[in-house]
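One chain, chain A, links the two complexes that follow: it is found with chain B in the first and with chain C in the second.
Showing the complex of A and B:
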């Protein structure tokens, strides 16, 4: 009898918390909004360090511009200007991200004065040779996965939801666990796991700063646990709502990007 | 006189001795379950050796896998049809799911990156994302495949009948298990295609399995044959078994010790039991003499003690010579060579210990009646063997000049043969023709670029130097030069990717199928490639600071000499042109070349030291340099003839052959020690007799009596090792054939040449003691 009462109480508790808390989908949507869609537009000087398993490093330095052209989870435009490595200075790269269809990508190579469209392969392909994928940079469609709240846990003293997102169609991993900060909704860490529950890739937010009132991850790491390769990214002079115009994100400006946006 | 008392003790307390021997054996047997094998040729050299450190560095720098399996898929009607392509797709999918496979870098039609341009759009993605169904799609795939030199000879054969799936393995993965899993996957896709699984790990693990089978099956069979031959010689099962046990005990003790000390069983130490069995046949001389003595004395105890007294010196000294011959190997550089030398030397000493304790003890258990019956047939005057041997010796005694002349001519011929010997080693040829490993390897080598892989690391003097047109052209030029060599199947490097991108970006205009002429363009092309292709594509061919580039060189043969020729060609190319780069060889093919040479020259060095040591032992034993020189001659003669034959037969002087040189030394010297030792004993015993024909008579006696032991020893050997000629692995076949011919040759050389030499040089040799 005591057991039954206890069970009922537990069930009740579970139901009430479920009602009070946001649904897992809502948590993920909120997280995407602050993580990938903050502000109307965004600019940062990005230092990207590619580090091989045995410690060799490659440095990429670029300015990254982003403009949201659709709702949260919708279309976006990215413009990237490379400073480093030295032999690719002035190279530019542009992505038009569409929620509903394949992205458009262009690359400008100054040495041959040539703009080439680049066919999109997998969204899970590497972003400029790093351990981040295009998806990591611009997000996965919310409806591509089923989301559930696995548990709640704190990371470095910050209370987090642990969301388990299982892709509906085949990807390189079986499911993802994301530790989402309850106060900022930023993911503090993420793990991509295989069928056996072994982690393949791991993301960590190494530094979070408030910029123009927006909580922003200014240093992050993505590590490929299978190859031991990792990519460290840090943002400098991050800014939001600087008034980027859609006209900038065209082929014309690839060859001659306006100095005021890229410096 | 300590040894003497050991014999007496054993005769007086036979049961104690036998029980003690069995207890020690059981103790060593308890170690056997701990046995580990190591068939990775890599471990021939310690992890700290320069070549292994360099290879590890190259693997890390270029993100390479130590082990890669290759699945060859062949369809005589061509693989470019929906059916076969579907199988390629499904098999690749299934392989990706195998545990231990480095899925991200599996290369096949459905995973390999293709750089192409369609309607002004650059595309980098899997060559075959979906299985082509229509004729148009098939034609497009065919055009892409054959239009891209990076694919031809790698994943498609020039005739379009063979494709390959390259399966890199994660560190620590079991190559054999994965190969079996791939075979099972292929089995489920049976049809008009043939499947071949090749690659270093397959050969290695198959070799390991066969090695065990050989130890477990062929060594006992050889033992049984020995037993049978012995039984036919002595007509007594108990004594034949005793002789066998002598060998078995020492094998168990030595292998037990090896295992107990924590050494893995290597290809070399796996041959130790066989070698010990061979060395153990020396106890034949004890039996031989015992029967003669028993017949003369009619008393078992006296016969045993007198026998041991008579054969003590030669038996002791042959053991000493053999043990020394192997013990010198302990001072070589290669660990498995040291272990092998140590095990055999230990086993040899143990064998002799048993000869003076266990064997006399066992003799006491045989009834005198039985002995009498056997001994009856051991009559040196009427025995057919003895008569034959005396006739043989007569050739040497009566025609010493002719015999020596023939010997000298043969030796000169042999030297010509030896000058023709080629030093080479081919691991795949350790398997027999028609074996799965050999067939898969030869099919793949015929169809594709080659299964043996070496690297050439281009090193510049500063970072980013690889991105210069000069460096790229140097790499490209070297590749094209190497591809003109007959054993080089295919090469590829960062220069190939670069040319491909240049071509594709310019809408396949052939005049852009070149290295761009400035550093910026090269840098940007490579950047573009790096951001679109799989990370491994670029990592495998160039390091992070662009200071070093890696050229893949696929060889069509596992001959160690192939990589040697490549290196020679590189050196010449480098000297001819003033290049901004230096090239350093690496990879499995290079490693095989290095360890082969190291092992081989280690053995040769060991052999030469052993020659000196054995000569010293002979000289000490005979207390005469001159007698030692005479005794040395049949030994040298045998070795010359065998290696001469190897030279004429065109067989490569490889690792197994070099190992055998030490055995031949240890064995062939035995016969001379017995013959000369006993001859001189006889000369002393019969000193009072008339000097006319005294030496000849003693020679005849020696040929008939200890000579019989020698011939029995040789026959026993030859018979049991003939079994090994049927072994499935060629190194063991070589061992078998080598030992059979060596035994027969050195026996004949001893019985015919020694008398001839002794007669010819009788004035020069010291008289008496």
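Showing the complex of A and C:
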């Protein structure tokens, strides 16, 4: 009897901590699901502060809309409207993200009333000049890396899996370590390391809030450890399941961004 | 000379015409200065309840200077442009309605004058399956980078050649545009009751080819404003197997004047023109591939035997753009014009006029590199014409000094070809420019 109770307790503990259930791939998949695919759709007013090593600041302010059009890890549509800086105000940027092929990207330039397709860039390229890459914003294919559970560790008192993800093909880094919260599955901390094991880029989740029942990182920082440049991002008016329609993610609304969604 | 040899009929950066038109944007559409103020007043009245309407004001202050690097202007000045300019953008909306006004005030040091210009001013109404925009508006069609096939709307080439920011290449049209969005495709339907020509470089500031320099007496005749002369343009577009596909139709007038010798003067007029076109653009071979074509139907010279009016043409474009590394973009284009009825053209061309080739083509290369967290932009744009042998080179450095202030330094270098060819005739006009802007 005592053995049974002990076994049950062990099993319970295993299930609740996920050790038994989760392979590293499943942990990463779950993490992507909450980090990049939460809700059917998503909206946030995004403030990006680009801060140089000597403290000079530049501001990028935008509204970001996202609609999931496929399964977790699959197709998505993004719509970004820029408020700041002044020379890009009213510009809109749209991405149709595909799991199986190159994304489609369009940019609308209001001064000449023109919509242009943008050539697919390296996903590891900087997003609007910040320390975040396109991949950081819209995700990286699960199968592009091999994942292993490096260890378990606490971050600010929260139990985390530390997942080591090694890219199968060449990128700007050798591998990534991600501290994934065991309860929310959000990454609380990430480090990108070079071949010598030196960290070159570091991510931190600075504030997590529950929005419509979804744990959401509302403040985050990405720091380039080589240049000292960093980007602080905060979300305002974050919301999920607001009823975005695929029809919004078209040339028509790229040229006439609807106030209802961007304000 | 006859429109025929006038390279102005190029689809690309057209060559200048020797006339000296006034800046076309004026206040024509709104009945002069009063109309302009009237629109502002209407805007204020319409949105008299500020609590319910969202009104925003933005704009910029700008200094823009362009100096000759080869020779002085025909008028002996060393500069092609020296001005300060303020732009105010006023936007107001209430429910599905929106008003937008973009007005420039410029202080021109070369002509020593002030200039008030309504760049855009329109009202929008947006319903679920359609929308409408009425007033002065900028419309851009087609896929070309500085080559235009289905973008049949007016351009200001002087602005481009004299080092203004690129947005000044486009001139607003006074038009009504409807958007229709049935499920199978989307449509833009445009009616332009008031004709606006292209604006070509001023003969006092630019050295230009003039086939008839002896005749100084010139008169410009624009199409009358009438129901018959209302320009119509329709674009239908949708996605086709992952590509953006468009069909275009235009019925109106050439925006480049033809010349009719009319002793003792020359009459400049705008021949009737229709354009039928198509384009597709999408991801291919690791970049973005663009294909565009158009048939230019010269309705007043369908046989091609009137030397005063350009012949019909077929125009085509292949463009390819890719990003080989982070923040670096390469854009390549091949553009060609193929003259119809070349035999009739050759047979009727008056002696002494330079003869165009049947095929005129252009190759363009654009390189763009961003640096320092995308606050510095280095760019190089070049045209080279294999058929004419002439070229244009436009290098530029732009630096966003802060989030509000940017400055750009660049140059326009022309040469090659013949004294009558598109860029060859601009050989003596090499210039360097500075743009500085504070945005608010």
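Simple rule for what comes next: the second predicted complex is superposed on the first by the 243 of 263 C-alpha atoms of A that agree within 3 Å, B and C clash if a C-alpha of one lies under 4 Å from a C-alpha of the other, contacts with A are read in each partner's own complex, and residues count from 1 in each chain.
Here, contacts are C-beta pairs under 8 Å (C-beta built on N, C-alpha and C of every residue); 3 or more make two chains touch, one makes a residue touch a chain.
Here the structure is a predicted model, which is why all the values come from computation and not from measurement.
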Would chain B and chain C fit next to each other on chain A once aligned, or clash? clash
Name the contact category of A:107: first (chain B only), second (chain C only), both, or neither. first
So, does A:256 touch the first partner chain B, the second partner chain C, both, or neither? second
After lining up the shared chain so the two structures overlap, which partner does A:183 touch, if you call chain B first and chain C second: first, second, both or neither? neither
Per the contact definition in the header, classify A:229: touching chain B only (first), chain C only (second), both, or neither. both
Which of the two partners, first being chain B and second being chain C, lies in contact with A:124: first, second, both, or neither? second
Check whether A:53 is in contact with chain B, with chain C, with both or with neither, and answer first, second, both or neither. first
Determine, under the contact definition given at the top, whether A:87 touches first (chain B), second (chain C), both, or neither. both
Selected from 183-191, 291-299, 309-317 or 471-479: the stretch of chain B that, after superposition, runs into chain C: 471-479
Which positions of chain A sit in both the chain B and the chain C interface? 50, 52, 58, 85-87, 111-112, 114, 117-119, 121-122, 125-126, 128-129, 229
Residue ranges of chain B in contact with chain A within the complex: 60-61, 63, 102, 104, 118, 120-126, 170, 464, 467, 505, 516, 518-525, 527-528, 530-532, 534-535, 538-539, 543-545
Provide the residue numbers of chain A that touch chain B in the complex, in ascending order. 50, 52-54, 56-58, 85-88, 91, 93, 107, 109-112, 114, 116-119, 121-122, 125-129, 226-227, 229
Name, in rising order, each residue of chain A that touches chain C in their complex. 50, 52, 58-59, 84-87, 89, 101-102, 104, 111-114, 117-122, 124-126, 128-130, 229, 250-252, 256, 258-259
Note which residues of chain C are touching chain A in the complex, please. 54, 58, 60, 93, 124, 126, 131, 137-140, 166-167, 169-170, 179, 181, 186, 237, 242, 244, 281-283, 286-288, 290, 321-323, 325-327, 329, 370, 373-375, 400, 402-404, 406, 437, 439-440
